[in-house]
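What follows is a pair of complexes built around chain A, which joins chain B in one and chain C in the other.
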Partner chain A sequence: MKNETTNNELLLSVQDLEVDYSSGGSTVCAVNGVSFDLHQGESLGLVGETGAGKTTIAKSIMQILPDHATKRVAGEIFFKNQDLMQMKEKELQNIRGSQISMVFQDPMTALNPVMTVGEQIAEGIRHHQHLDKAHAKQAAIKMLETVGISRDRIDEYPHQFSGGMKQRVVIAIALACNPELLIADEPTTALDVTIQAQVLDLIKELRRQKGTSLILITHDLGVVADTCDKVAVVYAGEIVEIGSLEEVFDHPSHPYTKGLFGAIPDMYKDVARLSPIDGLPPNPTELPEGCYFADRCPHATEECRARHCQLEHITGTHYVRCLKTEQEG
Partner chain B sequence: MLRYIGKRLIQMIPILMVVAILIFTLMYFVPGDPVKIILGNDATPVEVEKVRDELGLNDSYLVQLTDYLKNLVQLNFGDSFFSGLPVRDELMNRFPYTLMLTFCCITCSVIFGVPIGISCALRADKLADRIWMFITLLWSSMPGFWLALLLVLLFSRQLGWLPSIGIGGPEYFILPVLSNSLGSLAGIARQTRASMLEVIRADFISTAKSKGISRREVIWKHALPNALIPIITIIGGGFGMMLGGATITESIFSIPGIGLYMMNGINNRDYPVVRGCILYIAFMFAIIMLITDLVYAFVDPRIKAKYVRAKKKPAKAEPERSEVTC
Partner chain C sequence: MALLEVEHLKKYFPTSRGVVHAVDDVSFSIEKGKTMGLVGESGCGKSTLGRTVIHLLDSTDGVIRFEGEDVTHPDKPTMHKLREQMQIIFQDPYSSLNPRLTIQETIMEPLQLSKRFDKTQLPKEAERLMDLAGIEKRFRNAYPHELDGGRRQRVGIARALALMPKFIVCDEPVSALDVSIQAQILNLLMDLQEEYGLTYIFVTHDLSVVRHISTDICVMYLGQMVETCPTKELFAHPLHPYTKALLSAILTVDIHHKNERILLKGEINSPINPKPGCRFAQRCPYATEECHQPIPLQEVTPGHFVACCHVKDINNL
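Up next, the complex of A and B:
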């Protein structure tokens, strides 16, 4: 799955990632063989509905999956040609926050309520750049101003900030050490629409200045169109379609992707009813043998239910996991 | 903050008054006659009447109550029927022993209980966690007096390592502290585990981990401070309880603390002693609760904001800052 359109160096390569959680005695297959590449400076959108395994993919890359619930992790995650899965905790600590960092979904709970925002931003800086307290605080103030918050709020606590400002603080924490890869897990979901636009602009602006690569997790196709170069559609813990923004948006090929686009109401037509995709995603504790989407797919045949197919190449960098395209191609 | 403390202290006065009236009434109606205990069974009715008159026990309920409250306002708790010594002085003399015992017990419970709780939370449902949870369940359900007797049997009678009664050097405190603190240690450990388990699954712990700081820092700087509130509640409660005199422990080990004093007072129907002790316990409890509330504010800035808001807001008249757009 090489990306021919860019000559930049390969930054991150995820190969056959599988994650199982244990939940009340049963095994939840959260991620089932996800592979993708990300080059320096690129931005990838991971799209999918709630529970598709997007956040688990992100946490696997950070290697911060919850100990108590994670049952099995398999696959390889190469970051600059080093396998993060094989690394020791100490080495990982040097990469986390300084080379890869993450913005979490809910700014209301992502900040430590009993620590000032200044300390929370400065903490990573101190750790990675080995600065003393005063210098780290100066750096934190600069970071706070970069995300558009005035410097005199450095000693305030998270409860004194609004939701949008908290998310800015979270972004400031993530970008404090100029990471090469930023993973943003639904950074705008918990915010209202005007603040959403501000936060996205902020991420885009910082990316433009610093050339940070981005993995943006979202279920909002509009956000992807606005921010990303590449798109991967995730369904039931696997990628069902991946390609450049144009390829996927102009020629959606998997029935699920088509369904997602179909569900967006047309602004120029008077739509009385939205057209959702019927049914629910499969139960991750007992995934079907064949295509995971078969039960909701309008084109599903007996063959679809019997055989689980691979990602097939269509054009350029565009890959789809569907028997129909496999046969047509 | 000072205003808040002042307010709480003033609120304590009516509470203590109510406690005083309640305990007085209770002791007035409780059966048993102190004079018969003082004079013994051979006393003639004339002698008994004489002593009752001297002690003011023949006055009506209302007269006795007013006398009692009048003295109380002047911080006079009355004199013991038996020794004739002022209850206030006796309380003062005995307080250091109870304070010492309490302090040792709480320190011991905290320095062992909190780390045990944390390490169990980090190994939740592993073997070590299950063993510790079993042990602490055992400790917290064992009655203190029974444990005390077992300890005395083993360490004093069988092995002869430690003295079993009285006070003296530090070795005299080992058994009382051990028997009195295992229960609260277990309680603190279990509460710490529960509260840490909740916190280490919170989102901000993922944020902290994703900064690349060490596991130890994540636990001690991010998780523990957020888990402290329920732990402090339990410590405060235990502190207040023990300061009220570990009655049973003090009786078994003959430590001349408040608990033993009250115990003897109750047995002898020595009304002024019982009233004095109960009031002292109520006062200590109220003080400890106030301190607990202040510690909350120190630990959690959100609680602190509640206390100081009323004072700070008017001074901060500047217009609300709007969000800066970029």
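Up next, the complex of A and C:
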């Protein structure tokens, strides 16, 4: 899959995205200058911890940031050469759900409890493909079967489904109109491991059939290794390392990325003690001047604390934001 | 001698739709200083088992022995003593702390109740415990909402350790935490175990965590124990079809050695009024008519117990 995709057309290009929220009088800098490209057919994993800004990046692409809390948004998000940031709500409505759709973390709350799953899948189809009720229902039945649920259950309500089945329904809704880009925000975090395996295999299979591009948001490096061909590591609202799966997993280069790998118990190696990353992520209301990771970094120097550095190219498509790497060349 | 022995333990919950067999005829024992990992998927009864063992829930049937003494139905003074010796660390550090108590007050509460300490000694003892759990002194008068998840879990640990228990049930203590913080807490739990000879039951759904921390493992499915043996043996030679599927579903960060995944059909069925026999049979690729007969745990290889009537054929033993 990888080799086919590299020559493909640019689908999404995020440039210098910045998002600030206001919270109780202070400004939370949630996203601080994020840029990345996604080509058709590619799958990018956005990895990071709670509060790193992963979901805010996704919501910015969908243009569904909460109005009341969002203080400032800057940057450009080009989807097929159109800047989503400049679009009117009406135009966006035609893109959301038809060309870009999103799968949310918690399938329990993402579904409407008083609509049958059939109606919920058909809703988007009717809106975007202008089908009548009967045809939309036929399409919904087909979609339900695609995600591995029997057509007999089309008139059932969400509470009649288990967690894994609900997430399948959410995926059916998201893929109903054959979007070109699917954004999945922690799609399997609420699920058990054997069910997680089923859902990830389903996403991979559907991507193979339909060529959908994917942005997968997760805190789980194992999920990225399983599903993605590109990785961006997000820390304190910025990308600290980005590259192909092999580049980042075989040669993690940012101290934070290295730290993440050291903190996970290894399934094949016996280590007496894990190597946690000391300390906590910086407070997003008062980010330091220099490197955001400096306070937790074992290699940090005065220079790191004084100057905020850029993403630097290492090899191939591999970029790292670290002064040490920059200096070593 | 085993610190804790459990024999044929059952915990049923009557509901309007029938009886939930949350824990159904489970037996095991844990040696002092060891960690027993309880793994399984949501609803398999692992948390219920942990809570029943320490009497947060009353057992329906079976025997619980602590230090050789039958404590299944303790009287009040015995219960009081047991509470000091058996403690629990909860999964969610957000809801398991009283929002209206400061960190110091939270940690002092068990100390006060035990009446072991003089009032004037309490703050000093609380400070020692905070230090033990790695909580900075400046948080002494902070409330739980002012702390991040990792620090809150440290408070939960300090509170559990307050009276120096012998046995602690860790109920998914790191599931709500980010990986970098998760590693800090796992290291802390292992250090404390080494220093004080603590015995743990470690309840989790995360198999890489359980492999790291446990000496022995019990795999549960729908209230029943399907396989139990030392950790190394389980990961090297899983014998039960469910354990095999569970292990194959683990996602590793090693991109060059991918597991051959055994995809299970369907989902966990209902634990309400279950049919006799193997509860995994419905999803099991090897299931036959025979599987609907009750099947006890059998010692298949030394120290390795499995509840599966086809275990020998499946594994060519």
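In this section, the second predicted complex is superposed on the first by the 318 of 329 C-alpha atoms of A that agree within 3 Å, B and C clash if a C-alpha of one lies under 4 Å from a C-alpha of the other, contacts with A are read in each partner's own complex, and residues count from 1 in each chain.
We take it that a residue touches a chain if its C-beta (ideal position, glycine included) is under 8 Å from a C-beta of that chain, and two chains touch if they have at least 3 such contacts.
Note that the coordinates shown come from a computational prediction; the quantities given were computed from them, not determined experimentally.
Undergrad: Let me test your reading of the model: by the given contact rule, A:P66 touches which partner, first (chain B), second (chain C), both or neither?
TA: Touch partner of A:P66: chain B, not chain C.
Undergrad: In the overlaid three-chain picture, which partner chain does A:Q198 touch, first (chain B) or second (chain C), both, or neither?
TA: After superposition on chain A, A:Q198 lies in contact with both partners, chain B and chain C.
Undergrad: State whether A:I173 touches chain B only (first), chain C only (second), both chains, or neither.
TA: Once the two structures are laid over each other on A, A:I173 reaches chain B alone.
Undergrad: Applying the document's definition of touch, where does A:E89 land relative to chain B and chain C: first, second, both, or neither?
TA: It touches chain B, and chain C stays clear.
Undergrad: For A:G222, using the defined touch cut-off, is the partner it touches chain B, chain C, both, or neither? Pick first, second, both or neither.
TA: Touch status of A:G222: second partner only.
Undergrad: Go through the superposed model and pick first if A:A74 touches only chain B, second if only chain C, both, or neither.
TA: A:A74: touches no partner chain.
Undergrad: Please indicate which partner A:D250 is in contact with in the superposed arrangement: first for chain B, second for chain C, both, or neither.
TA: Second partner only.
Undergrad: Scan A:S101 for contacts with chain B and chain C and give back first, second, both or neither.
TA: In the superposition, A:S101 touches chain B alone.
Undergrad: Quick one: is A:R273 in contact with chain B, with chain C, with both, or with neither? Answer first, second, both or neither.
TA: After superposing on A, A:R273 lies in contact with chain C but is clear of chain B.
Undergrad: Across the two complexes, find the residues of chain A that touch chain B and also touch chain C.
TA: The answer is residues 162, 164-165, 195, 198, 201 of chain A.
Undergrad: Give every residue of chain A touching chain C within the complex, in rising order.
TA: It is residues 49-50, 162-165, 192-198, 200-201, 219-223, 225-226, 245-246, 249-250, 259-268, 271, 273-278, 280 of chain A that touch chain C.
Undergrad: Would you tell me which residues of chain C are touching chain A in their complex?
TA: That would be residues 41-42, 148-150, 178-184, 186-187, 190, 205, 207-209, 211-212, 235, 245-246, 248-255, 257-258, 261, 263-264, 267-268 of chain C.
Undergrad: In the complex, go through chain A and note every residue touching chain B.
TA: Of all residues in chain A, those touching chain B are 59, 62, 64, 66, 68, 89, 92-98, 101-102, 104-106, 109-115, 120, 123-124, 127-128, 147-150, 153, 157, 159-160, 162, 164-165, 170, 173-174, 195, 198, 201-202, 205.
Undergrad: Tell me, which parts of chain B touch chain A in their complex?
TA: For this pair, the touching residues of chain B are 124-125, 201-204, 206-215, 221-222, 225-226, 299-302, 305, 321, 323-326.
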